[in-house]
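Order as written gives the chain letters A, B, C, D, E, F, G and H; numbering starts at 1 within each chain.
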Amino acid sequence: MIEKTYMAGFGGQGIISLGQMWVYCAMKEGLQVTFFPAYGAEKRGGIARASVIVSDAEIASPLVTKAHSVIVMSQDSVPIAEEICAPGGVILVNSSLVKADPARPDARIIRVPCNEIAERIGDVRIANMVMMGALSQATGAVKLDHFEAVLKSFFPPAKHGLIPMNLAAVAAGRKAV
Amino acid sequence: MIEKTYMAGFGGQGIISLGQMWVYCAMKEGLQVTFFPAYGAEKRGGIARASVIVSDAEIASPLVTKAHSVIVMSQDSVPIAEEICAPGGVILVNSSLVKADPARPDARIIRVPCNEIAERIGDVRIANMVMMGALSQATGAVKLDHFEAVLKSFFPPAKHGLIPMNLAAVAAGRKAV
Amino acid sequence: MELAFGHPKSLKPIQTKYCPGCGHGVIHRIIAEVIDEMGLQTKSIITNPVGCSIWADLYFDFDSVQPAHGRTPAASTAIKRMLPDHLVICYQGDLAAIGTAEIIHAANRGEKFTTIFVNNAIYGMTGGQMAPTTLVGQYATTAPNGRDPVEAGMGYPIKVCELLATLGGTKYLARGAVNNPANIKKTKKYIRTALEAQMRGEGFTLVEVLAQCPTNWKMSPADAVGWLEQNMIPFYPLGEIKNTLQPAQTDAAAGER
Amino acid sequence: MELAFGHPKSLKPIQTKYCPGCGHGVIHRIIAEVIDEMGLQTKSIITNPVGCSIWADLYFDFDSVQPAHGRTPAASTAIKRMLPDHLVICYQGDLAAIGTAEIIHAANRGEKFTTIFVNNAIYGMTGGQMAPTTLVGQYATTAPNGRDPVEAGMGYPIKVCELLATLGGTKYLARGAVNNPANIKKTKKYIRTALEAQMRGEGFTLVEVLAQCPTNWKMSPADAVGWLEQNMIPFYPLGEIKNTLQPAQTDAAAGER
Amino acid sequence: MADDIRLMKGNEAIGEAAIRAGCVAYFGYPITPQNELTAYMAANMFPKGRTFIQAESETSAINMVYGAAATGARAMTSSSSPGISLKQEGISYLCGADLPAVIVNVARSGPGLGGISPSQGDYFQSTRGGGHGDYYTIVLAPKSVQESADLTYEAFALSDKYRIPVLVLADGLIGQMMEGVKLPAPIDPASLPKKAWAAGRQAEEGRAPNHVSSMNLVPEELEALNIARFKHYETVKKELCRYEEVQVEDADIVLVAYGTSARVSLGALQAARAMGVKVGLFRPITLWPFPYDRLNALAKRGKRFLAVEMSMGQMVEDVRLATNGQAPVDFYGRCGGMVPSEEEVLAEVQRLLAR
Amino acid sequence: MADDIRLMKGNEAIGEAAIRAGCVAYFGYPITPQNELTAYMAANMFPKGRTFIQAESETSAINMVYGAAATGARAMTSSSSPGISLKQEGISYLCGADLPAVIVNVARSGPGLGGISPSQGDYFQSTRGGGHGDYYTIVLAPKSVQESADLTYEAFALSDKYRIPVLVLADGLIGQMMEGVKLPAPIDPASLPKKAWAAGRQAEEGRAPNHVSSMNLVPEELEALNIARFKHYETVKKELCRYEEVQVEDADIVLVAYGTSARVSLGALQAARAMGVKVGLFRPITLWPFPYDRLNALAKRGKRFLAVEMSMGQMVEDVRLATNGQAPVDFYGRCGGMVPSEEEVLAEVQRLLAR
Amino acid sequence: MANKGKPVIDRERCKGCLLCVRACPTKVLGPDTTPNSWGYYPSSAIAPEKCIACGNCYQVCPDVAITVYKL
Amino acid sequence: MANKGKPVIDRERCKGCLLCVRACPTKVLGPDTTPNSWGYYPSSAIAPEKCIACGNCYQVCPDVAITVYKL
């Protein structure tokens, strides 16, 4: 099993933590992982992208150039998604912000209104976790069984109050697929 | 014609100007020349040496490793002279300071009491010019025809008064051979 | 409807890559205004340094040269020597660390370009490391418990104007800030004085400008400006630190515009 | 017959490669004497710089490290941090040019080694080029008509102690000379004060020593000492330029020995 | 068990590995894309009573390393390409004084200020001595976060053993990427053997003074020192040459690549093999000493080679020197911060094999 | 006539040639064995109204060159080995910004502080980019005082023509030695064509702003710039490769040497020929671009080669790359400031031929 | 003081730092409720009639996004 | 002041700079007439009886070539 995911959005959307959380959970599930982020040189705003791979064998190139799955968090990430998605891959679109879907008829396009769902749960900033739930559901590559444990080690104890909201986001994302 | 000369003494004996004057005159006589000095890293005292070549053809290595002629201005230069003199070469020894001659029975050894001669002419500092006269006489490589002209371009006008003494030194050196 | 305050000509009317609330923007604007007022747009050269203001050449609408990190004073030295009738602006954030030797010696030689030293107490572009001007106790990624001069041996914040003031070649050293309109106007006056002195060939001139870096200070822009006022200005006194320009002309330049 | 003045133990009794009358020799001797007096011969490390005193490791009879030209303050920083109980002496001629950033930042960090800055107003080893401390009008091979700060833009002689005095980390900065017995004794006292402060871990200490370079000044040793007295001492004031050492201990150290 | 595996950035793993290797002195200056390493050392050295200094410049940092190394301490600096250029004089000095030290280059695209994206454009500088004079440093090229940790850890031991500085040549991708990493066991710096040649502790050791220096103004002596050092290099070459091979035995074409481009090449190999195309991979781990002999042996067995680099072609010269005309050597490279894709490399392989 | 021939040190001849080439800006820092050059410029630039600055360091000097070059001025710096190491970042910047400039290295023995005697130990640094990133500079290697003047003079023109910095790689012997030299005709700097890309004089030229920079943070763009630069390098390789051959046609063994070691090799050749031994000499004048093709052609004609260097073996790698296994390549070198003698080289030739 | 003015904000250039809001003595300005195409919530003249054309907003704006007119 | 002393000069270490001669208050010292083996004309005690053991010569000697004894 190897799942190569390309994640694209803009700075501030939590693309980086999405990718990190994904591989962290994958690692806990005994998988090999690589995570390689790419930002613009601007400090604020600008693009945010990540090549993310989980696999049960040694991973060759950490760079995702043909993605089994693509996450599109913003409208301006659509072109890169169209380009990078492997034939028959899956494209998860944050339909809250992306109005025109990627033109890839061969791909499975899943629309998740991440911002709306996140706002409903209580904070638009967990839109990325909604998407992670959707990714897990759509690909099955990472089960996210250890998500709660990961969050506990990730957040300082003072912030453990945020954990339920994150779990809810993932669950909601799962359901949205 | 090629004449490779190795000049050795200690700092302050005018080895460098001896070599420079020699090649300057040679150049005026239409010869090709190279002059390569070597000093110790100390600013005062220490060794002073020069590889000096005059030739009527292009000169290959500017480094003299087998010398047709060797000038020995001080006692501690004797060993290098013994080593560097080509078989059948000529070694000119400043007998004012060198008491034990180089042990090179195959070489022509010429003893010139440069300091005494120079002091007699008026300044011990022209001992080097005495030696140059001797070198010219012994090798015939450079005739020193243009010596006066060279001195004129070398010295600022204020010092032209020193020229006769230098000419005398060369003449005396010539005679001492 | 009469235009009261509008975009200077020497600055391109485009979106910058600087963060919201970043101090560089105002400094760019006032430099451009002074150049417009002096009518020197096509006789100006800016050296944009390595730092967030690496982007300066995208914004200033005149020639530019981009030297190595910290070496803008060396490059500016040569540019001004080659083009003595040009206005040469050495725009810098990094001069108190890797550029220490370069700025001290350019100042000591009395090089006739003008340095605009943007002191935001942090390394902005590289993500918030300690700068030579980081305040004692201030957090930086390389001073994770705050700058500690004694125990951790991190050194004291360096007062660049005061350090340079001891050097013979320095003629005009001033420190402004971009925290509020009054200080911004004063800063602009310092810059104008410096640039005019440069064009008269008087000697080394430098204007240090205290500026906020909301991003790496991890504050909102408004909080950042407040922090600058409460912490930086008390430590880095504003004003003309050294002014040995020819008196007559200084007065003229000092007149309100 | 009682020995009144004799060769210090920490200096090897061998002929040096320095020129006749060179100032380095006396400075070597008084450093060695202080180390002897403090009983630290086998706990001392000297960094011999690139310059005529590159030979220092031949003469001082204890450990030494030879760093790159100008970088002795950086190397000394690390040596002292690694061996805080050792006496680390940063012997330098070159700190005001290529070493500017290194000395300023070591000073600003309050690094706890002692710098002995031999100011002979010239680059000795390389044959008489202008040093940052060359006096105005003084001849050098790279200032063939004398140092000219304004017309030729060669900069002004830099007063190292005064420049460093503005920095927070500096605790003791003094300037001595080796022109006559009285000044030599005073210089030795400064060095002793600095080295004792170092061993107490007080902060950055530096003693600048005005010294003659007869060879590159192209003078006899006696004339060189005279030139130093008439030209250097008036420009570079002797004395303790900055002393913020703990008062009690300073007093003790200042007592005549 | 996955439990002692940590998810870390390459930059952080290098820092932690250095600390575990007993590095007691880190001197650095910020530069992208290695800033996490400097920050990691800032956060973790001081609490352990070790030395962290944000130097005033890269030049100062390398000279601090020189000073610390001269006392026998395990010392380190890190930077990225332009900063490494500023260290060249210092590296030459370290080599001239036979001082151990670890230098990490998380390389970015050049020349000049260039960009901040990953590159392998510093290969020549690393393996041919960007500084002056005759010298080499050991150069280790990790391909993963795990290897970044392992090689950094080992770098200190190798450097001490051979008294040669070790350069860890990574790139921005390796520094920025996160992977799982199992960290090596911490070494107590106090437990490391004392170095007899180091400055300091003369009293305790009761020895004659030690002089750490790279100077010798007597050509005969300096030459003798250089020749001795190069003889020592021969030992290192014999003992240290390290590489990884993947399916070279039956390969029709062998990709030669290190670090990130080796990862990409491995992917291309796997894709090729899946298509029945016999591709092998030769990955030098030590860039100096470069595994000339093994490559030469492969060349003699009739292999052909494709060097894959994130540069305009630098390591390929070593491949040519190794194969010495006995096999065709081709080159495929991307530069300026571009990382080649598996697909591109595969396409290049197919192009070559079809020729 | 001998009358317009001047007796000069190599260092002085370089300085005078630079001035005659229209160099208007010299920035330097003292270092042996090139001090006469800095002193010459100090004495002769200012009276001509040109710029001489004794910079605070070599690093500053190269960045001053960068600034001056950015305005289109003919600018120059000089130093010796350790100082050249300090310039590596700046040289990489010059190349990244496509700025012309002349850099003179009167090389001494290394590594580290080493000694002050002549050496050819900076060949790798010079030809492989001691700085970071993919770039080359043109490298000219004079063998005599005359050629020092000629090549320095030409360096400015080449650098302007190709917008590539030119390194004049001499050594302490060439810098310190005196020979007769006929100096090239002075060029009035004001007569040189303006450079359209330079900063300054915007008003006069009535153009859009010029930006001199080596930065590009977009990998695709930076890659394109690098590829374009390397394409340009191919042109340079075609147009500029320069070498001298002496009696190679009938030679049984060809000495390959540049600069001082080529002079020594010529002496060995003459001695050998006098004994009836057929020795030839191949002297690269441009070290970059290196005359690979010609050497390769000679290799194919069955020559064998002996590279003679004042190093532990650096240029010999280029000879190996050129000959590509088609001819035996041997190496003879001295280092640490030692200059080989004709006798030694001859002995080595005889040893090889006897084998 | 009796000046009357009008601030014109370039919504696309504005990065919503709100330093102009802080600097305005008469509280003319406030954040807009809809983001611009960069995702920033720009400043807007919420009480334009209070503007005295002092230029403070112009002075502090890092993005030169404000033009002030005198009426 | 009433001290009596004796300067002992290491002829081989002395470089003949004569700074000691300049520094001696009682004119004990002067240049020797024969050079040492380095070619330098060393300092020598030409009026040894005048020595007051003040140590000035020792202090200024760059080559630590003088030892001073109290008699």
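The rule is short, and it goes like this: a contact is a pair of C-beta atoms (placed from the backbone, for glycine too) under 8 Å apart; a residue touches a chain by one contact, two chains touch by 3 or more.
Nothing here was measured: the structure is a model prediction, and the numbers come from that model.
Between chain B and chain C, the least number of touching-chain steps is 2. Of all chains, the one whose CA centroid is most distant from that of chain E is H. Pairs C-E and D-E differ in how many C-beta pairs touch across them, and the larger number is found at D-E.
The distance from the centre of chain C to the centre of chain H, with each centre set as the mean of the Cα atoms, comes to 60 Å.
Inter-chain spacing, taken between the CA centroids of chain A and chain D, is 62 Å. Computed centre separation for the pair chain F/chain H is 54 angstrom, with centres defined by C-alpha atoms.
Centre-to-centre separation of chain B and chain D, using mean CA positions: 42 Å. The set of chain B residues touching two or more other chains comprises 41, 45.
For chain C, the set of residues that touch two or more other chains comprises 19-20, 54, 66, 68, 81, 97-98, 100-101, 104-105, 109, 125, 127, 132, 153-154.
Residues of chain H found to touch two or more other chains are 38.
Chain contact summary for the complex, chain C toward chain G: residues 1-8, 11, 13, 15-16, 18-26, 29, 178, 180-181, 184-185, 214, 220-222, 225.
On the chain G side of its complex with chain C, the touching residues are 5-6, 12-13, 15-19, 22-23, 38, 40, 53-56, 58-64, 66-71. Across the complex, chain D meets chain C through its residues 81, 97-101, 104-105, 108-111, 132, 149-150, 153-156, 158-159, 162-163, 166-169. For chain D in complex with chain E, the touching residues are 42-43, 45, 47-48, 54, 57, 60-68, 71, 74-79, 81-83, 86, 101-102, 104-105, 109. Contacts from chain F toward chain E in the complex involve residues 59, 81-82, 84-86, 88-89, 92-97, 107, 109-117, 119, 121-122, 124-125, 128-135, 213-227, 230, 311-312, 314, 317, 320-321, 323-326, 334-338.
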